[in-house]
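Here is the structure we will look at.
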Amino acid sequence: MKLENMYQEIILDHYKRPHGKGLAEQFDAEVHHVNPTCGDEITLRVSRGADGKIVVSYDNMGCSISQASASIMFDQINNLDFESGEAAVEHLIAMLQRTVEADEDILGDGIALAGVAQYPARVKCALLAWMAWKDAAIQAGADNNESKIFTESNKEQN
Amino acid sequence: MSKLDVAAIKADFPIFKRTVRNDHRLVYLDSGATSQKPFQVLDAERNFYETHNAAVHRGAHLLAEEATDAFEHARANIASFIGAQADDLVFTKNATEAINLVSYSFLNATLKSQRGAPLPKGAERFVLAEGDEILVSEMEHHANLVPWQELCEKTGATLRWIGLTEDGRLDLSDTSLFNNRTKIVAVTHQSNLLGTVNDVPAIVKLAETVGALVFLDACQSVPHMPVDVVALGVDFIAWSGHKMLGPLGIGCLWGKSEVLSAMPPFISGGSMIESVSMERTTFAAPPKRFEAGVPMAAQAVGMSAAADYLRALGMDNVAEHEHMLTEAALAGLADIPGLRVIGPENSVDRGSAVSFVLEGLHPHDVGQVMDESGIAVRVGQHCAKPACIRYGVQATTRATFYIYNDLEDVDALVAGIYSAKKFFGV
Amino acid sequence: MSKLDVAAIKADFPIFKRTVRNDHRLVYLDSGATSQKPFQVLDAERNFYETHNAAVHRGAHLLAEEATDAFEHARANIASFIGAQADDLVFTKNATEAINLVSYSFLNATLKSQRGAPLPKGAERFVLAEGDEILVSEMEHHANLVPWQELCEKTGATLRWIGLTEDGRLDLSDTSLFNNRTKIVAVTHQSNLLGTVNDVPAIVKLAETVGALVFLDACQSVPHMPVDVVALGVDFIAWSGHKMLGPLGIGCLWGKSEVLSAMPPFISGGSMIESVSMERTTFAAPPKRFEAGVPMAAQAVGMSAAADYLRALGMDNVAEHEHMLTEAALAGLADIPGLRVIGPENSVDRGSAVSFVLEGLHPHDVGQVMDESGIAVRVGQHCAKPACIRYGVQATTRATFYIYNDLEDVDALVAGIYSAKKFFGV
Amino acid sequence: MKLENMYQEIILDHYKRPHGKGLAEQFDAEVHHVNPTCGDEITLRVSRGADGKIVVSYDNMGCSISQASASIMFDQINNLDFESGEAAVEHLIAMLQRTVEADEDILGDGIALAGVAQYPARVKCALLAWMAWKDAAIQAGADNNESKIFTESNKEQN
């Protein structure tokens, strides 16, 4: 059954016991991203260390995919510098668009999200936390070169 | 017992010839979002393009005459479907545009009046002063909420709303919401999230005492029950073709003729004018005043064929059939542990939209498991986020029934929910 | 010489299988009003309904995914047809709505700014002050004139216009029309009445010096010639599907992405929001911000098939073919006593719309005689009354050519005019 | 040829030599009606005598049908009272909708307009002058019972 490709054990584990959930008191930037069709939400905070490392915390509501993905995001990119974190986000996007083979070194348990690619309507769920991280990191001034690549369709505009 | 022959109906809908995931038959429980289309509708639209296609109201050659005739015949037929006159029916691209047409009438009348620009006779009803009120309800679809918020934000009018009772009904106890500052009451006939059918006569009565206009969002009623605008006594109704077996890309605004005549134009351009010079333009009478540009004539013809299809079934029979399915669904759901229906739990004054949440399971995940066995339900906020918030849920799973659904589909829904619970071990 | 095989093309268009009055073959010279549709377009639309129909961007089930995919693929394909990115292309019901979308962006930005309501970044470009100017031309279709008149009437901005030369061209000699109060210059790419193709680079240059936005009405250019929005350098273009072999009920607005992002919403409702509460709504990014309600997905798929059809012919070849027919028509008309062409008399910078008047004969009567022998031309003011007034004519007869016309059709036109003269004895 | 049914000799005669064209200086009401698609226009003036008779004058531009019809209108209803004039207008409408046989006593040369019924796009041309007359007569207060039947779709609204 294809469904089990998406809902792998490891995903359901992250969903039921998410890592790093809970907001830090101190932060340099906070973002709130939503998926307007289904109502999934994440509030995400980052603070930048002197060493350029970005510490992330978050709180969220949503489906198993969006929550598991946030938990995996925390495992993979908390305390990384912007470039490494961004590379992970790009790799996740590419995996979900099926343009690369998933690299476990970069995505960790995130490789288990590969099954989501079969369900285009769920890709947004898998990306929600990661895009929020990128937005927050940029808002915190972490991208020295002011990356122009970034345009997040769910970002608040008004 | 239902008077509809579902097997015969299904045979008219080409989409049921395909299968979905894992070669399952399609159990389509998402007609509340959009309905499927019978071949009669598709044929009517195609026939227009293949034999009469031309820009309507814009030419004198044979095709232009035939196209105009087909378009205006469609208007008259659709109008008669809701007990109305052709001249009071405006075609829009969807119900959303129809609602905006009305909200922008207020904006435009207000601005033109402030600048002393010419306005149609009777336009004062659409002129807002600071502090005037627009009344909506907490169960509105975003389409019947955001345009009014926008209007208030741009004019200084105040948005007020009718709250909801625990069991998913309008709470009409606070009658001070209807007061002499209330300019229009805009509410839904049937909630697309909760299924509630609202008490229109009560609302009309309250509005009448304060001289407010009444706008009824009929997106979920015209396709599902007999609707007669004269009997309803409202000033406007709006609905979409695509939810009543018709094509995408067409909707309708019906308004009382003296009310429509009092409204300044919304979208302007060709075909809605009377005379144009660089300095000054005068406008045609309704419905043309509100139909700028080349209209969706083929879609009007298709929507008219949809009205014919439903009329042949009998709207009473349609309503009765859906009622039977709704009762069965509510009964089946009532037995499922951890399931909570969002909206009325009984079938009184209730349409066939059935929303629910399951403890420990997100709607997205429920929907996904169902989809895997061919059951198409909608998950999310259903463009009714305020009502979701009101009932403390982030999202729901929603099944909606129509003429091509039967008790087997209800059984599939119930079985699907059990599978989802099993899959996720809750 | 033309590279189009008209006989093969005609075979793709079901309407040419029918005959018209008195069993005549159809000589369709009214594509400027709306084009005919090849079966490839009709099949694409029907296939959407028969196999993938669902409300796009509103569900997670298989059909909803497929429908969303088809819709977004259509967007990308249509965008690429004009050299643009998918995210910068907004679907509307027709070009008229697209123009109103831009004119209402000015109105809404102005009002929201006056009341301190939230606006997107960059919205200042859309905020009008009393005395700011909107610049159009005297050859505009009503669709690109009336919305700007309405905007001025509601904001106190001033409408100015570029006049026309005797031979049907924009008179760009008065450069003071472009000044630092000019907020937007809205002109047509090709006149639907005169056939004139305007000098877009010259207009863009003048607008740039004063920092004005440039809106190009591309209704009569995108269907007929290669159009690349990047090369044009304008801020917006708008056009309709139905004039480029596509379905009725769909149009497009393309805008530079930073310009679209700066615009507040126009029509509001479902699917264009980010988050909604009773108190406050935030909006999605373009293009969704401008596409409230269930969109015309089937029509988008049909329009995308139309783009494929034209791309396969080659837009250069289409333009060349029409040019050949236009030259032949102008030559044939030049010999007719008492005939006056309204618009450029030669074929330089000129599309295939050929308007004319005949001494002592009203266009309605000319058109009627032609229609009697199967020739469909348009008669009247062609939604361009100011240009009719400018040239001192009450109305014209207009022939427009497209890919399914050939030199025989041009001959039929010329012969038809002679018959009309004979019939009325002038 | 069907065309000759519409363009009968008698129509073309009225077109070429219209009766009563030219505006009177004195009037009780003036209207200006247009056919927005083709640009046909008529300015029409009426004055009411003490006897209730309505004197009409007009000036117009337009196609053969609209001009001939105006000329016939002048022949038939100039100097009639409102009821008789209105009856003629109604009869013309009914004839053009093919719901009655044309009555020459009422319409005079107007019976030759019957051929217009075959061309729906031209019906408006044939009605323009007559509807203008009715509008003007009502504006001049000629309809004592304030007829509510009348709604002219081309009437100026703003």
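We call the chains A, B, C and D, going by the order they appear; numbering starts again at 1 in every chain.
In this text, a residue touches a chain if its C-beta (ideal position, glycine included) is under 8 Å from a C-beta of that chain, and two chains touch if they have at least 3 such contacts.
Please read these numbers as outputs of a predicted model, since none were measured by experiment.
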Exercise. Looking at the contacts, which chains touch subunit C and subunit D alike?
Worked result: B
Seminar exercise, completed: Per the C-alpha centroid definition, the whole-Å distance linking subunit A and subunit C comes out as 43
Seminar exercise, completed: Expressed in whole Å, how far the mean CA point of subunit A lies from that of subunit B is 37
For this session: Averaging only over C-alpha atoms, locate the centres of subunit B and subunit C and give their separation in whole Å.
Result: 30
Problem set entry | subunit C, residues touching no fewer than two other chains | 21, 58-60, 64, 271, 273, 275, 364, 368, 379-380, 385
Problem set entry | subunit D: positions in contact with at least two other chains | 36-38, 119, 122
Problem set entry | Arrangement of touching chains [line / ring / star / complete / other] | other
Exercise. If you go through all the chains, which pairs of them touch?
Worked result: A-B, A-C, B-C, B-D, C-D
For this session: Within their complex, state which residues of subunit B touch subunit C.
Result: 14-15, 17-18, 20-21, 26, 28, 30, 33-34, 36-37, 42, 46, 49-51, 53-55, 58-64, 92-97, 99-100, 107-108, 111-112, 115, 117, 138, 141-147, 149-150, 153-156, 159, 161, 240, 242, 247-251, 265, 267-273, 275-278, 280-281, 292-299, 364, 367-368, 370-371, 375-380, 383, 385-386, 389
For this session: Would you tell me which residues of subunit B are touching subunit D in their complex?
Result: 57-60, 64-65, 68-69, 87, 118-120, 261, 264, 273-275, 282-285, 288-289
Problem set entry | subunit A partner contacts - residues on subunit B that touch it in the complex | 21-22, 362-365, 368-369, 372, 379-381, 385, 388, 394-395, 423-424
Exercise. Which of the residues in subunit A end up touching subunit B in this complex?
Worked result: 1-3, 6-7, 12, 36-41, 61-66, 119, 122, 125
Seminar exercise, completed: The subunit D residues in contact with subunit B across the complex are 34, 36-38, 119-122, 151-158
